[in-house]
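In what comes next, chain A is part of two complexes: it sits with chain B in the first one and with chain C in the second one.
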Partner chain A sequence: MVLLSLAWKSLRNRLLTTSLTVLSIGLSMALLLGVENVRVGARESFANTISQTDLIVGARGGSLQLLLYSVFRIGQATNNISYESYQHWKNHPAVAWTIPYSLGDSHRGFRVVGTTEDFYQHLRFRRDRQIEFAAGHSPKDVFDVALGSDVAQALGYKLGDKVVIAHGVAAGRGIADNDHADKPFTVSGILKKTATPVDRSLYIQLEGITAVHIDWADGAPPMAGDEIPASKISKENMKVEQITSFLLRCKSRIATLQLQREINTYKDEAMQAIIPGVTLQELWRTIGYAEDALQVVTIFVILVGLLGMLVSLYTSLNERRREMAILRAIGAGPGKIIALLVLESGLLAFAGCILGVVMIYGLSFIFQPIVEQQFGLYVPVQPPTQTGWIYLGAVIFAGLLIGFVPAWKAYRNTLADGLSVRV
Partner chain B sequence: MSSPAVVLRDVRFSYRSGPEILDIPELTIARGERVFLFGPSGSGKTTLLGLLAGVLTGYTGSVEVLGQDMAKLRGSARDAFRGSHIGYIFQLFNLIPYLTVEENITLPGRLHPARGKQTGDVNAVAQRLGIEHLLSRSVTQLSVGQQQRVAAARALLGGPELLIADEPTSSLDFDHRERFLELLFENCALSNSTLLFVSHDRSLAGKFDRQLSLLDFNRAHRKEAAV
Partner chain C sequence: MVRFVLFCTLTVSLCAQQRGHKAHEHGHAKLAIAFETTTGMPTGAVELESPAESIIGFEYVAKTPADKAKQEKALATLKTRFGEMVILPAGCKMTPAKVEVHVDGQHSEVHAEFNVKCAGPIAGKSISFGFSKVFPKIDEVEVQLLAGAQQAKLEVEKDKGTLQIAK
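So, the complex of A and B:
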């Protein structure tokens, strides 16, 4: 305890160096913990892009592909599934709810998704958050469209604006910009930000998808004279023939595997059902390299911080030779001299860690909403994760360990100096 | 209590492969004695003190302090022995800059519980040395004279059997020097401490029980002179 109070007072005496050292360790610690939080946040956000969905069902093909176009709106389906099959599974006794998606059209680079009221009712992300409207309401008419918040923001649309959707999903413009120009949609609602791919799509009714393609044949626009004008179209006379995929929630989770098997072996149509969590994990593993790289960089930042501490302690030793001689004279052995310096460096590392934790708490508290808004990344404000604690422990331990370097130097000094120090 | 404070026999010492610094056939200092040790710089004064304090090892012959054969003590035991039984005053900069006056004075007692137990009243010692009003001050605010008195208080607290003072007055002016010496004598008498006072200023020598010239009993220099 005597040594601890000595170490503390000695550090306090060199306030400027001490605070700079603590600051540098604190900053690197905050960076390390911040990266850790972002890493966890990214993984969580990713894993929680959809929640409460037990199965994603689509035409048979790659499971990753199904996940990508159903959840992330990346890539395209090679096949659709029939509306009858969808109805069959929707009415299956084990099924709680379904959300159908009909994909394939776009608007200025953003995907257009045909769906039903179920989407606004049942879709969950980040555990239990659901779709909310910033303005307006869900599409009630065939030619109504609801915009994801990114879409509305990027294109500057407001309620009542006319939107023309294009056939195909090529980035930027559709195949020909005005494919469905004869049937414009009206913005009926704008969704609140969800920080998921939901923000980057436009939502219309399934019947809307049918309507814009009603006069098309074999994927080609109608010949002159064959067009069916929008005025002749109403929700009632639109018959949905097919959808692309659907999300499914079981009444009991235990039924999930059973149902998955049933769908995969469905005789009437070649279909596949995937468990999103499993496939999301597969996907994360393939794109997880970035987080490793990030971690390596921050570990080097920590090393630089600790090295700074080493330098500041080491250079202070020459001014402190006198102090060491006094301590020797009043009976402090080399062991105590070493302990004093190791304690000082341990205290510095400890204080740096505390500062780092406080900083990262404060920063995530301030920047959480901004990060979520700008990057769609939900970084939780939470006490350090298990990995975070391991980092903290490791840095304090490294701090103590590093203390042995100046301690050894001081020990050598005291042996050489004895009680005589030429100032 | 019957053993002398210091007994040296046939002590030879040299720093690593350097010339011999000390060659002392015999030196005895009785308990309670006030000894004035003088000699030109480089005559081995500081080295001798290092041996007595148990900081320097690697000598031949025997060094007994307060009846304890220093060669028989291992490293940490030597440090503890010094901390518990010996008070030490340097020429200058005796104090730890980041502690208050009181913390400086009580530090040996806190480092060594044995010394701590016999630690007398800090206030009493401070009062005798005329620094009781400075106890809570930071040492950096003190004049040199005050600093030396604080150093004396630290060395004297707990009444160590042996007090070693290495040119403690050389940075003080004449008046302060006289006053400091008086205080040192008074307090050594109170705690019955042996005082080994090192200086090159012979004008103070008359106040001591015995005067020792290092050149007289250290044969190392005679040999060197003969060469």
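So, the complex of A and C:
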């Protein structure tokens, strides 16, 4: 106890050096925990891009591909599925709800998604968050379109604007000939930001997709004079024949397993059902190398911080030769000196860790909304994760260990050395 | 002529029904575990899909009394020792619902379903495995877990690894 109070007083005596050392450890600790939080946040945001969906169903092919085009709007489907099969599964007694997607068109580099009212009602992300409208309402007419928030922001659209969608999904403007310019859409709603891929698409009704292609034949636009004018098209006379994929929620988790098997062995059409969480996990494993890189960087940061502490303790020892000598003279054995220095260094590391935790809490609290808005990354403000605790423990342990270096030096500096110094 | 056309359509449709085979790799089984909830007294189901070779030792249709006996014995072992293969959190009890052999072309698969009832919450607990102790020929199992809102997957090689149920 005497040692502890002595260590404390000695640290307080050199307040500036002590504070700077604590600050440097605190900063590196905050960085370490911050990176850890971002890492967890990135993984969580990624895993929660889609929630409460039990199965994603599409044409048989790669499961990763199905996930990519259905959730992230990356890549394309090799095959569509018939609307009839979709209806079959939609009406299956084990199914609670479905969200159909019809993909393949775009608008100035953003994907156009044909869907139904179910999308706005049932889609969930980040566990239980639901789609909301910043302005307007969901598309009610065949030629209505709702915009994801990024689309509205990037293109500066507002309610009532006319939007021409292009055939195909090539980035940039579609080929002029391929535009569905004769059938413009009217912006009926703008979605609130979700920080998921939902923000980067335009949403129209399934019938809208049928409507823009109604006078096309064999994938080519109609010849002059053969066009069917938009005025002749209504939701009722549009027959949806195919969709690209659909999301599905089962009434129970046990039924999910049975339904997945049933869909995968469906005889009438080659289909596959994937469990999104499982495929997301596979995808994360392939892109998770970035995670390791972040971790390596933070470990170096903490090493630099600890090295700074070592330097400050070591150099301060020079000023304290006299102090050490007096301590020795009044009866403190080498063990006591070592214990004192190790304790001081441990205290510094401990204080640095506390400062780091406080800083990271404060910073994440302040910056969380900004990071979410700007980067679509939801960084949770939460107590350190298990890995975070391990880091904290490791740093304090390393602090104690580092104390042995100056302690060893102090031990070697003999009594005479300190007393003979002229002050 | 009509008969011929009818015959053709029939055979084609029959064949079409049998096309499309599942991937089949000896020693590689698939396990799916589902729990409705992880709190209260969860109920669930466990399904195992394994190449018959890895469990029974052969994949042809058992015809001789010796083969039939071998098959019976293997399936009975599967039923009684399943709790050693899939080690659920304490308090969870599995009862066999269905254990069958499906023949798919030249291959056959063992399909087993078990119902699960747990006496207490399982959130935060883990599931471990011991397939090769019971059937040494199973060396890799792809495990899927659905538990409440959790969807997870684990590749279990030589019984290594545990699956954590989310809190």
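Everything below uses one rule, namely that the second predicted complex is superposed on the first by the 409 of 423 C-alpha atoms of A that agree within 3 Å, B and C clash if a C-alpha of one lies under 4 Å from a C-alpha of the other, contacts with A are read in each partner's own complex, and residues count from 1 in each chain.
Just so it is clear, a residue touches a chain if its C-beta (ideal position, glycine included) is under 8 Å from a C-beta of that chain, and two chains touch if they have at least 3 such contacts.
None of these values were measured; they are calculated from a predicted model.
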Check the residue A:G331 against both partner chains and state whether it touches chain B (first), chain C (second), both, or neither. first
Please indicate which partner A:R253 is in contact with in the superposed arrangement: first for chain B, second for chain C, both, or neither. second
See if chain A has more residues touched by chain B or by chain C, and give me that chain. B
So, A:K239: does it touch chain B (first), chain C (second), both, or neither? neither
Figure out whether A:V2 sits in contact with chain B (first) or chain C (second), or with both, or with neither. first
Between chain B (first) and chain C (second), which, if any, makes contact with A:E282: first, second, both or neither? second
One more residue to check, A:E323. First (chain B), second (chain C), both or neither? first
State whether A:R127 touches chain B only (first), chain C only (second), both chains, or neither. second
Enumerate the residues of chain A that count as touching chain B in its complex and touching chain C in the other. none
For the chain C and chain A complex, residues of the former touching the latter: 17, 20, 22, 32, 34-36, 43-45, 47, 144, 146-153
Given the complex, residues on chain A that touch chain C span 51-52, 54, 127, 252-254, 256-257, 265, 267, 270, 275-278, 281-282
Of chain B, residues touching chain A in the complex: 46, 49-50, 53, 55-56, 75-76, 78-84, 86, 88, 90, 92-99, 103, 107-108, 110-112, 115, 154, 166
Please output the residues of chain A touching chain B within their complex, sorted ascending. 2, 6, 9-10, 12-13, 322-323, 325-336, 418-420, 423
